[in-house]
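For reference, chains read A, B, C, D and E in written order, and residue numbers begin at 1 within each chain.
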């Protein structure tokens, strides 16, 4: 489509309030994500991850996935990031700006791979769902809960084992052995 | 005896050695005497069974498979335990059982280092099972298993009891022990070949309808022309690689001299006497009947390669300084005659091939026995040092001369028929095959016989005649002992008997071969 | 709202994560990048769930499991990192080449 | 009967008129078998017997001699023809048989082998006394005779081949009897190897004929000839040539003759038997066996030209060489070659009877000459005539018998050689008039010249050995009776053997040989061709005279007595002036000088060189093939592949860098590339 | 109301898991070995319901024969699942037996070790039955997560740490890729269950859309990582070498088999309608794995690392039958399926056996470097012989079980000999089979034909006994290798199973 049509389409798309919100959140997330992978400061990187994840929580709400959104917030901001911060403290990762030790010299190959992945993913996705529209709807959490304990009970139990294994194994590995 | 005819007989022949091996494994290593006894006993039993097979064999119906059975084995892949022997396999089977016995008899007081008779006998008996099995199998998968079964024992025989002298490999800087190089080379070559052979088998299986691995059924299908065209060409090529490596045909032969040189005496004997025959037998039993059309397309190529092998082997022999290596190269030439016979696709040619196989088995086996015994005494195979053997070891020297004469195809001894008849067959091969190629092949082959005579006489002159070098003066080199003679006399008798009365072999093979040729080529 | 916009966002985050995994030397930062990738997957899943009106809520359920597993992974990962740091007082992944070739 | 055969009135007449020889013929298979069995017996038990195995060998030959002669007599009184066979294999359409044929030809050979063999074996007991391998010698010797009998009794070509090669083997064993010395082995190998080369011809000939006819039996082949089998006719020339090449090998025809002089390395009795009865006669025998095949125009008649030429060359050239030899056995050896030339020429001239007749007579006097020479050598412990001389006094019997043999060989009336050589000359001249053409007439003159040469060198041999002063060192003495009696016996035969075939008077021999189911269609003169006979005789005498003139000088002190010892030449010698000049100027110097030397030189440096070159070449080739192709070529390629594989592994393993992030990179890149690949290619 | 009979194996092992933890807490040190016993009993007990399920028809009072479908088709217990669950339990048992002696030789955390091992096995069991993406994903995680930790179990050993981290990172990343793929497939088909995906994918515009292709590829990449197919193999050698050898054994068999199960279920069910996508993909992976694995293995000097590369190559052979799927008819498909299953089963036994022997020998020679094993047969003939047995079986030399695995593999390919791609694949596989022999034989050569190096404490080595559990494991595997080698028919029953499964949905 020519530029004019393109602009019309964009404006039309932006005329939807949800989309405006989306673009804002999305930009924020992307920016945060960039910082995560580029910030010379480990703690900043961790915090930027919080931002990015928070953004995705917002998107979940927009998409009517309430429970998932809040679970994300709880699990990540509540647990995972704290865990990360602990990890950072324990491993005394540099908290000052010191880009040399944090990144490899050769960024370009990495960038190339990443870019190629992005192009492939994006293009095939666009090709598949050109302008399919989402009629967002709010799901009631009790449905989800019921499904988790009926239809998805096996994975649910399995995940509990995974967590248990991670817990026990993590402790064994991470603890200092009594010499 | 009814049981004998219903497949039990052959199964006994094949699996008695295996049972013996198992039993020996259970015996304590210290009990050497007992171990040897058991080994010999089981080999003898297997031989005895094969003799019974001769006695009960219906020579009137030599073209039919006898003593056969056809039981379910691996139904999952449509493979069956289908065995049986006809006039072609009978002589080879007996040869195989006999050589096993003789090999063990000979071993009884010739244990190559490291000693360990237990392991050695186990391998030997395992080898026997593989060899016997190949000659009775009528199912491609079964054939494949037995065909491969010989690899492991021979690999270990060469690698463990083999020659420890160091050699420098062409193209490599480092030196390596002969046995190590030779053993893996043998293993790789054969495995390479049989891998492709297997692919060929599978292709046949899927092309046939209903799918089957049964050689007889496949042969019928093949003679209907089911496998003609490019498909057949590919399959034949695959099988060709498999068998040609084993024979070995030029230029796939290079594993042979190394393996023979490195192997312990008994190993060389069985290698030459039986293992090489598995390949040529495969051609006769599988390639020709199942793929007659391609056989005719390939025949000239095979003939040319065979002739090259004859001349080439002879010339290579003339360049040797190592006795065993010379004998090994002579095998290349002799198997060349066998393949020449097969390539003519005529009843005469294939008969010639079979008797050539038997004769070569006996004669070359004998030569390796003798070479081994000489090495056992002189601790060298260098012909330059072995002069005057006739003086130091008259009996061994005499036998060496006798066997050499047999090997150069002296009429009246076993070696003659295979060569002469192969040449005869190649004078008029199957109709439709190029006369030019085959008659040239005949002439060149005939010249080959001259060269054969040349190097055999030359070998005798270097090894047997002249004054022995003084380095053997002090040593007491005891002449052939009773074990050796026990192992050799049957071979000598066989050489003379087959030479004077070839019907011993032809009587069994002729009808079978004629029928095979008639079915496959209408010849 | 279009599905595509979420997918593109997901793809973007995913790729950024890949970049991070490849360039960051500190193991903890590598883990962070991985979290980004998983987050991208979650966005996809939830977006699809909404788009498909899936009565089985496959998308959301899946996302929940991914979140949980991710948490577990972080636990395991950090445990290993701590272990390594204790043994060689460095958490740089590119110094781990005792074993190669 | 096909018209093609009209030219030669060949008749395949029914064997009906021949008696079947009864039980003796039926059991004729014993003739080859007995010696072979006894040979095995000698090998295993010989040493334990009182005479160390000699008696078994002797018994074998006695048996053969008696059996053969009995058959000969029966055959003489009405021909015998019998053929028996045992099937030893069937291969496709072919039947392989062990057969024995009893007919004029084979009977003649049986008796020759038997009689000469008997003499030689008896003689050997004395000659070989105290030999290192006494028993083994007789084993091999018996094998030699047995093999020849296998060959002779063969009813089919394959059996012939068997005997043929066994003879070669036995000769190898006997020539190399003193194998401690490598030069003897070399001689033995040369003999076997040269024969083996020629045998290629034989084998190919047999195959061609056998396959074309569909049978290997001589009778079937000859029947096919008489039926004018067109298929056989097409291949006849090449088949015939191939067979003849085989014959050349055994009968030591130029250029395959080189092995024979070297074969002197063996003990003298071996040479005797080999030259007289067994080995070298095989070729001529084969030509005789296949004779009609070569006679008929539609078959191998063209080969006859080749045969006669080869024969002529051998006849003359070898005779000349005999002139310059010092080793007495070499003289005899070359003379044998020359005589074989006569036989071959006869065969080439289509003279079946004449050729075999010469074989018959030659067997006796050549056997005799060798034994006598052996007796001399035995006495003086040297082969060289330069170490002999004046031996007629200490060794009277040896001298007399040797003289008889020489005269017989020289073809002096009325000894055996005269008749057979005369018959050959006659038949050549007949051939010259009937299809042989100029070639035949040329050959005729060569043959006559050959007669001169023969007489010439024999005279030389006699003079140098038995006249003049003794120049040796050992103390010569007459040999023991066990050795002289055989000499006498053979001498007697050499005198009388000729009378069995005197054209116009008594032609028994012709009928003996004719006792075959096929007529040989060769020409028999009704009476002696006196002109030729006279020429032959005169030439021979001239030869002796020349010899006398030249070599009597070596015996100068006995000049007077010499004159009386050779009365026939006496008057001639009186007129020395021009005759001496004539001889010297016209004949001797050139002959003794350049020509002979040239021939000798060619023999040593050309033909031998070729043979040796063949050997050397194959060795060089062998090294080339082995080192170059096998080791450097094929094996190197194989190992190179192996090496390359290993290197590939070496290169690849460095992709595992140990850097986990590079692994991750590979992961993503791989995934994406796979996707793109799939999207693009499908 | 769940079908507890169908879920019994998983439940029993779950209980056993908790039992081990409790036992580990209560038992005094000298009785710690009882923890292992508990775990062992748990596994064995779990095998019982497998049998009752398999032969339900023959048991009185057992009504629910045949395939059992749970949770709306997302969890299925059919013969295929049963067979592979059996395999996982057996490999679990064997790995356990391998571990016992190893753990007691040094103060490791036994209880936790067994717990994690069992957890991983549970995951494998779940994978065998799972028929939807979600369950498959969680099952996979349950297989992997404990394995990440086990790999680092030798805490003091830098190599072990390194192995653990490499394994962990690559593992998690591959899972991320797989998840991305799953999300796309879910989005396009709207289904998580395999049946649903299969039927949805057959609709044009879905199955052939680039996005779907990408989804499939990304998912399969996740599993290709598990079976360590080139180019997703890099972790394997490092991890095997660094991790405790029993863990390496388990990784190379149990978790690889889990990956194969995933591939089988996905390819032959979820994506059964689009073989033209995964066929070529796996063609490439198979060829690359065989070739690269073999070639690199040629140059290895450390035995475990060599086994690592060998297992990569073997993985390639396992994938070969998938490759021609696009051109198979139903029979061909079932043959291919049968080939892969059979190969995995046989491979499991011979590879575990090989590892068991390696552990035993390494304990004697106190070295994992091949050259230090020279002349082993002088002072440990039995172990030497068994080593030869397993290695030649891996090389596929008749009459050892390996030949049958290779045979069915070739058979599956040649089944479509009309296609040049099949022929090419077969030839490449054949050549690789030959190359593989070189390094297997090299080890045997060292053991049998080389001299004993001075560094090896022969006298001490001869005294060191082989721990009983280890000996038991070796015995079992060796027996299987020989029996299957002579009577491959014992595996024949999978033939009709595969037919049923392929004919399935």
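Please note the rule applied: a contact is a pair of C-beta atoms (placed from the backbone, for glycine too) under 8 Å apart; a residue touches a chain by one contact, two chains touch by 3 or more.
Treat the numbers as computed from the prediction; the structure is a model and nothing was measured.
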Neighbouring chains common to subunit C and subunit D, by label: A, E
Reaching subunit E from subunit B through chains that touch each other, fewest steps: 1
Identity of the chain that, by mean CA position, is farthest from subunit B: A
Furthest chain, CA centroid comparison against subunit C: D
Pair of chains joined by the greatest number of C-beta pairs in contact: A-C
Distance from the mean Cα position of subunit D to that of subunit A, given in whole angstrom: 105
Averaged-CA centre spacing for the pair subunit E and subunit A, given as whole angstrom: 33
Chain centre separation in whole Å, for subunit E relative to subunit D (CA means): 79
Subunit B and subunit D, separation of their C-alpha mean positions in angstrom: 39
Junction residues of subunit B, two or more chains touched: none
Interface hub residues of subunit A, defined as touching at least two other chains: 104, 109-110, 113-114, 117, 120-121, 124-125, 129, 151-152, 155, 159, 162, 165-166, 169-170, 173
Of all residues in subunit C, the ones touching two or more other chains: 3, 10, 14, 17-18, 21-22, 27, 30, 47, 51, 56, 59, 61, 65, 69, 72-73, 76, 79-81, 83, 93-94, 96, 98-100
Pairs of chains in contact (touch as defined earlier), listed by label: A-C, A-D, A-E, B-D, B-E, C-D, C-E, D-E
Contact footprint of subunit D on subunit B as seen in their complex: 169-172, 185, 251, 254, 312, 314-320, 346-348, 351-352, 388, 390-391, 405, 410-412, 416-417, 420-421, 423-424, 427-428, 442-443, 446-447, 449-451, 453-454, 457-458, 461, 464-467, 500-503, 506-507, 510, 513-514
Touching residues on subunit E, where the partner in the complex is subunit B: 338, 392, 397-399, 403-404, 407-408, 410-411, 414-415, 417, 423, 426-427, 430-431, 433-434, 437-438, 441, 445, 448-449, 487-489, 491-492, 494-495
Complex contact set, residues of subunit D against subunit A: 661, 665, 668-669, 672, 675-676
Interface residues, subunit E side, partner subunit D - complex: 165-166, 169-170, 173-174, 177, 210, 213-214, 217-218, 221, 225, 231-232, 234-235, 237-238, 276-277, 280-281, 284, 292, 294-300, 435, 438
Residues of subunit E defined as touching subunit C within the complex: 133-134, 137-138, 141, 145, 148-149, 152, 155-156, 158-159, 161-166, 168-169, 172-173, 176, 179-180, 182-184, 186-187, 190-192, 237-238, 241-242, 305
